[in-house]
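The data blocks that follow each hold one structure.
Note that chain A is present in both complexes that follow, paired respectively with chain B and with chain C.
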Partner chain A sequence: MQTYAKPKSIKENSSFTFCSGCDHGLAIKLVAQVIDELNIQRDTIAVSSSGCSVFLYDFLDVDCVEAPHGRACAVATGVKRAHRAKGNNKIVFTYQGDGDFASIGLGESIHSALRGENITAICINNTNYGMTGGQLGPTTPMGQITATSPLGRNKEYHGFPIQTVQHIAICEGTCFCARVALYDIKNIYNAKKQIKKAFEYQQKGLGFSFVEILSSCPTNWKLSPIDSHKKIEEELTKIYPLGVYKDIDHE
Partner chain B sequence: MAHIEINSNLCKSCYLCINACPFGLIKKSAETGKTGEYTVEFYDKEKKCTACASCAMSCPDIAITGVFK
Partner chain C sequence: MTERELLKGNIAIAKASLIAGCECYFGYPITPQTEIGEYLSLEMQKRHLAYVCAESEIGAINMALGASAAGAKVMVSSSSCAVALMQETISYACADELPFVLVNVMRAGPGQGYIYPSQGDYNQATVGGGNGDYHTIVLSPSTVQECADLTYRAFYLSQKYRNPAIILADGLLGQMSESAVIKEYPYEEIDNSDWILNGASDRLSRNIHSLEPSQLKLNEHNVNLKRKYTLIENQEPMYEEYFCEDAEIIITAFGSMARYTKEVVNHYREKGIKLGLFRPITLYPFPYQQLRKLSYSAKLFVDIEMNLGQMLKDVQLSALSNVQTAFIGKPTGDWLKKEEITGVIDNLLKDKNANIR
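The block that comes next holds the complex of A and B.
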């Protein structure tokens, strides 16, 4: 008996373009498993963003639109509304980096949440701009050394990092938001559970649902994949606490 | 007999599966993969594998393509 198989929503013969040990692969696999379990492969439209996840359409076997840097939530809004106007209830989700969601696209992201746009956003928080070479991003913690903060992030020059999920939580249109991590098997299953919940809330039409995933970036952090996961467990989860920040079903 | 299937062509030698297996049944192999590092192999002489799929769930490249019980 087979207890695990490659998700059906991952394209046959595709191979991820990510670096060794990058959590982007894990996150995309979890999304694919959720799409399989909810049996919505034919009704899902993904909106991919600029960043390491730019080739999402090469991996996921669902319809996909490529959004300009930061505009994924705005594009997803259009996709969702255009289909709804024709009477089609499509499941629309964005898959974005932290730079994409919380810096260049912060306006689009927050206002989609405020409008209670009935879409799901997945944000990969790897604390830097991964694809372009590891520059300081909106979520880079104080003191972290990056390509553009060689002495570490400091408040005088760079200011403070953003707590993405907390900001989304205070938007009235948000129905569900959570921060998860992928550093061990328990957290991987929990991440899948929260992603599934976010999709289910969209199916029920409850509003904007959001999952922030604390992810590793071994290449730019200059750590091994295993040490990167250790860093997330020991350091990042203290700065970015995990948990469900809003769930209107429990209020 | 419980076992896993590994597609070495997809393995990028991150070794997260070695860390994830509760019984330590995955180890580095003698073959090198596409990153130039050693890939992994499944080694279960004492038949300890329970097909829990922790290794497959932890693999970021879906190189562990199947788990069987």
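The block that comes next holds the complex of A and C.
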């Protein structure tokens, strides 16, 4: 019989403080499993960001520094480059919300990709600014009602959402990027596979690797956890198609 | 090394940073600090050190935050309106107790202003534009030699107190050439092995963050920072006194402005008028106590700045009630010359109410 074991890279006696049904906890667990499987816990430095992701260091048992809102990729650049200057090869990754990565921090994100910065970025796309109460964000789909788009997102009024992973894919310094989801077992396995690949590419020194994770936000979406996953499967994956958007090993 | 050279202030800062052991530089172009980033671009690449042409000053200062967390000696250089862009992260660095050196070669503001001479960022540097109770150490060179020497001190103090340190230079200093000696780094190396993030290989994992949901802990953190600032205020004030001993009139000036005021002191001393110059070298911590001592014998403090009176309030805070304070300044343009200053001081001397002489 197979029993579920807590990943080694998740802190002892920690329990996730996210809202029930939120995918943040699962995403962090997958990252922890990948860190365990690659045996890099003692060489990894995480960069957390402003948003629900900020609490990363409460759960993940690796060195971690918090970045100001949006600046995680710049902070990670500094961590990586400083260690390289010292002759150390460390694994550095960011864990960011979509508002953090693709709105306030889009400049830092894109330019880290363009520089081919040898870091990994994980972006939780929950289609709103979760921590502040679910306001309209860069990835809010057309028609979605949020705290600041009470009548739904409207192109005349709010403009269009961003296709984050596609933008990262066209940056020459990107070695790998994918969009994944966590609404069923098959997708969870796939998500882990892609996160692992992103870290492996960093280990090989291939450049900027990126995984966008379509994630549920039951509290702000005002849906049950089950309906939230259904929304991702039936609606969001049509707007934000899943898949590997760039993989320089397969080109 | 240790040879006398003709150097621009900007180059002196850049050269000194390398000797201080700077391992990472992050920058974005802006006049009049350009030579620092240009000089280091080649020198750091040659040494396999970290140099990033950042996408913005926000990018640069956040790279500095990360590199500092990794335990590196870090420098960022910029100027006025672009340093304005960095204020959020300076506050984070103070909260996180992460050291780095930030060079501000000032230009005139507000807003874009222009590259004319100015000391308009005294408030930005000493009071800060970020949020919360924090301070940055601020060092103000007035010669090219001091550009180098205070770069060493900035690295040392920032490491020692785990706090950002600002070198507040100006366009004149950055651009002028003067003879100077790039000496050896005179300070001890600070052990940072108990807090840096280098992978938790033989210890528990560490995290560096400013977010603190616990009221109790957040209060405690602020109080601890305050304690550190009090220590800095007691230990680290630096200043220069020029003919202050018996002075009845004290000119206060910092940075390049202080250079011009020495001529003014000489002018009055030749006439037998007891006038001296007090030059704060650390603008934070401001040498309040040292200047206050001078107010026992002085009757008038004349503060002279290339702005509209920013250090003035610190001068007034230092002055006992028997001392009057006056201000001479202008926001930008040519530096105030001897005649412009003596013209005003002559009038002050004539003023019976000032009760001087």
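Quick notes
As a convention for this text, the second predicted complex is superposed on the first by the 248 of 251 C-alpha atoms of A that agree within 3 Å, B and C clash if a C-alpha of one lies under 4 Å from a C-alpha of the other, contacts with A are read in each partner's own complex, and residues count from 1 in each chain.
As a working rule, a contact is a pair of C-beta atoms (placed from the backbone, for glycine too) under 8 Å apart; a residue touches a chain by one contact, two chains touch by 3 or more.
As the structure is a computational prediction, the values presented were derived from the model and not from experiment.
By the touch criterion stated above, A:147 is placed in contact with neither chain B nor chain C. When chain B and chain C are set side by side, the one touching more residues of chain A is C.
Judged by the touch definition given at the top, the superposed model places A:170 against neither chain B nor chain C. By the touch criterion stated above, A:226 is placed in contact with chain B alone, chain C being left untouched. Residue contacts after overlaying the shared chain place A:188 against chain B, while chain C stays out of touching range. When the shared chain is aligned, chain B comes close enough to touch A:24, but chain C does not. In the superposition on chain A, contact is made by A:6 with chain B only, not with chain C.
Touch criterion met: A:45 reaches chain C, while chain B stays clear of it. For the contact definition in use here, the chain B contact set and the chain C contact set of chain A share no residue.
Those residues of chain A that touch chain C in the shared complex are 11, 41-45, 47-48, 50, 54, 57, 60-68, 71, 74-86, 88, 90, 107-108, 111, 115.
Those residues of chain B that touch chain A in the shared complex are 9-10, 12-16, 19-20, 35, 37, 51-54, 56-62, 64-69. On chain A, the positions that touch chain B within their shared complex are 1-7, 10, 15-16, 18-26, 29, 184-185, 188-189, 218, 224-226, 229. Residues 23-24, 26, 48-50, 52, 54-56, 58-60, 62-72, 74, 88-89, 92, 96, 197-201, 205-211 of chain C are the ones that touch chain A when the two sit in their complex.
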